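First the structure, then my questions, so here it is.
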Amino acid sequence: MNKIKTLDQALDYIKDGMTIAVGGFLGVGTPEKLIDAVVAKGVKNITLICNDTAFPDKGVGKWVVNKNVSKVIISHIGTNPESGRQMNAGELEVELVPQGTLAERVRAAGAGLGGVLTPTGIGTIVEQGKQKLTIEGKDYLLELPLKADVALIKGSIVDKKGNAYYNKSTRNFNTLMATAADLVIIEAEKLVEVGEIDPTDVMTPSIFVDVIVE
Amino acid sequence: MIQDKDRKREVIVKRVAKELKDGDLVNLGIGLPTQVVNFIPEGVDVLLHSENGFVGLGPTPKPGDEDKDIVNAGAQPASHVAGAAYFDSAMSFTIIRGGHLDVTVLGALQVDQKGNLANWMIPGKMVPGMGGAMDLVVGAKRVIVAMEHTAKGEAKILKQCNLPLTAAGEVDTIVTEMGVMKVTPQGLVLTEIAPETTVDEVISMTEADLIIAEDLKVMDV
Amino acid sequence: MIQDKDRKREVIVKRVAKELKDGDLVNLGIGLPTQVVNFIPEGVDVLLHSENGFVGLGPTPKPGDEDKDIVNAGAQPASHVAGAAYFDSAMSFTIIRGGHLDVTVLGALQVDQKGNLANWMIPGKMVPGMGGAMDLVVGAKRVIVAMEHTAKGEAKILKQCNLPLTAAGEVDTIVTEMGVMKVTPQGLVLTEIAPETTVDEVISMTEADLIIAEDLKVMDV
Amino acid sequence: MNKIKTLDQALDYIKDGMTIAVGGFLGVGTPEKLIDAVVAKGVKNITLICNDTAFPDKGVGKWVVNKNVSKVIISHIGTNPESGRQMNAGELEVELVPQGTLAERVRAAGAGLGGVLTPTGIGTIVEQGKQKLTIEGKDYLLELPLKADVALIKGSIVDKKGNAYYNKSTRNFNTLMATAADLVIIEAEKLVEVGEIDPTDVMTPSIFVDVIVE
């Protein structure tokens, strides 16, 4: 099974209207080549699951600017003025999710959990439309899994089977997103032979990765 | 009453720094709270948590020394100290929500006498999103609000927040350029007052009901 | 009907091995299922999951080559193949419960025609615990039961399990030394029969209602 | 803050009647020196949270044999005949938890979650006494957090601040247990200076660790 594909081949998996989960935090740990390729292909109506909409010229921020995205499920849009403008103009649907809840919802989807109970959001508008449970006298919100059709992630070092290692603060949501998508495409900053990453140091096991691009 | 903007901000961050204890794990919010790191007292060793995924946030690197793979939660170039540890976002918020963070310091749009905090949106105007703030305020053992006492002359410390809340009843301490206030079961208590400031001035700039501590002290800043 | 114990076991594991597809991620239960690894067809590259925390389980090391830090889920010395990855127990069961495991092969005390499985306790007698079995059976895309057809002459393939269940309705395929059975919405279908075995023999050794496939084949073992 | 203590000093934190979470899987990744010290001290009435009761002469199995434990919350006891004997004789209370559920319950305690919804155990006696929720037509059990007074864990490489690295299959429950206890004692197979473990490779951040023994 050869997972290594060209950028063009990888883009064949990405269609209009898909839900796409993207790794990265304000663009750090985001697969920029895949982001740019999606812009170039002109993919439309993406529902984006990501921590933030980054910056107009960085990360998934470019998708917002280029109108590839119709909805974002996200914890923060404040660093990208275009996101707020489109939201206010009714051009972009924004579902705001507390960052820790976003991580748990994606993880729940990847881990086969039906949901998790979090205290975050209790007493705020985040409660709206959600089931509340009281455990030992404390209130929690039931937060449901969040799954994607495709995940686009970025590894600092990736072997040819798809095992990935993330350098320093580039890890963030990358493994989480990889567990919660039907198809996972990883962009390798550095592609190495199988065995070059110590099995103990692998951060995303190859079993989650379907396609590797350089 | 302190009028100079820079002096106001210095008073706030200097005073917040004194709230930190040796061994504390601390998250400093973007903006003013970030500067607290420059005033931590001698002998107090705190570890800084960065919600994008590490503990052991270090000083801003010198121009030319930046590492593209190390940024803080505001995406600015950062560094790590010896003994730091990087992890993923699930672990980052396990630390936050799980009660492993000793102190979080954040700014506020509004805060009220019940410890409610609003700092993530102004409906119809500015909706940046809550980012990690809701988890931080719910999860940290101590929540310190660090902010200027008023915004354009309007009170920010209220009887009841009218902006959408970040969390309900979680704020412990408010530090401004006018004083230090603690949220208690009895209400909001002014425990310290800034130099060059009178109690009447604080009361006039505060919409919340203020209880003046019997042993009111002057802020050491 | 095959009588020789070793031949019975060989038939089972050889036939189970043919169920595996190139690229499958597979968990092999302790005991008989473990031996499936020795019969995987040429050109079929499967990755083995070990629930104590890795994918890429390799062959048993030669005496003297053991690494104390590598064991399988039965605590026996193990090894890893190139491209393996170690992780913690939360990730191990994220893989299992999250539907990332293609096949799990387990033994059974009882299995029934609705796909119910009992393999973790005999009340008052033997209660080893479920370990990872409940998660494996619920989470894997395909559940294959690999076992001898009867225990001390008693049927193990029943209309309805009477031992405490491991999971309800999750079994897909049963492979024994007498044949291959599939759990379908219509009931339990005998799709293959072992060499030297008659349909009447299978029926007499099975308490469950067996539907005999129209295109019943002989097991290729 | 010097976290490095002698075995004797570390044992001061361990009292009769405590709930103690222990890392390891069938004894691999278990802190054997700490286990032995608890036996030597004669601690009584421990409630043990662990994956299994290992073997009579290995890991927490020694606590069972030496009657340090009155209750186990565990996924498997089959490798230690003494556990079964004591259970049948009414000497040991055994709460059996599916292994994946055990991991999630400990993680939930460490992560401040009020519980998680798992499909594991539906239709079995594991359901007993638990709340069932239906999400999008599928049934789940609500499983609650599991917290300990003390966690005893074992690191392959530990630095003097308490950052830990686990070699190969020794990781298992170690980090999970460390997140879910009021006090965490780590046994270092190899103790190194701060900075000797690459911060990217740390598996248990030092913030979870209170006491280090060699």
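Letters are used for the chains, namely A, B, C and D, taken in the order the chains are written, and counting of residues starts over at 1 for each.
One rule holds in what follows: a contact is a pair of C-beta atoms (placed from the backbone, for glycine too) under 8 Å apart; a residue touches a chain by one contact, two chains touch by 3 or more.
Keep in mind that what you see is a predicted model, and the values were worked out from it rather than measured.
Student: Between subunit B and subunit D, which partner chains are common?
Tutor: Neighbours common to subunit B and subunit D are A.
Student: Looking only at C-beta pairs that count as contacts, which pair of chains has more of them, A-C or A-B?
Tutor: Answer to which pair has more contacts is A-B.
Student: Among the chains here, which has the CA centroid at the largest distance from subunit A's centroid?
Tutor: Computed centres place C farthest from subunit A.
Student: What is the distance, in whole Å, between the centres of subunit A and subunit D, each centre taken as the mean of its C-alpha atoms?
Tutor: Those two chain centres are 32 Å apart.
Student: List the centre-to-centre spacing of subunit B and subunit C in whole Å, with centres computed as mean CA coordinates.
Tutor: 56
Student: Roughly how many whole angstrom separate the Cα centroids of subunit A and subunit C?
Tutor: Between these chains, centre-to-centre, one finds 35 Å.
Student: At what distance in angstrom does the C-alpha mean of subunit B lie from that of subunit A?
Tutor: Between these chains, centre-to-centre, one finds 29 Å.
Student: Can you pull out the residues of subunit A that are in contact with at least two other chains?
Tutor: If we look for residues of subunit A contacting two or more partner chains, we find 104, 107, 111-113, 118-119, 167-168, 199-200.
Student: Multi-chain contacts in subunit B: which residues touch at least two other chains?
Tutor: Correct list: 54, 80, 86-87, 90, 93, 96-97, 138-139.
Student: List the residues on subunit A that touch subunit B in their complex, please.
Tutor: Those in contact with subunit B are residues 25-28, 51-52, 55, 74-79, 84, 87-88, 94, 96, 98-104, 107, 118-126, 156, 167-176, 203.
Student: Taking the touch rule as given, give the residues of subunit D at its contact with subunit B in the complex, in rising order.
Tutor: That would be residues 1, 107, 109-113, 159, 161, 163, 179, 194-195, 199-200, 202, 205-208 of subunit D.
Student: Using the touch definition up top, name the residues of subunit B that touch subunit D in the complex.
Tutor: For subunit B paired with subunit D, touching residues are 22-23, 25, 45, 47, 54-56, 80, 82-87, 90-91, 93-100, 138-139.
Student: For subunit B, which residues count as touching subunit A in their complex?
Tutor: Per the touch definition, subunit B meets subunit A at residues 50-54, 67-71, 73-75, 78, 80, 86-90, 92-93, 96-97, 116, 124, 126-135, 138-139, 164-169.
Student: Along subunit A, where are the residues that touch subunit D in the complex?
Tutor: 104, 108, 111-119, 133, 135, 138, 140, 142, 144, 165-168, 199-201
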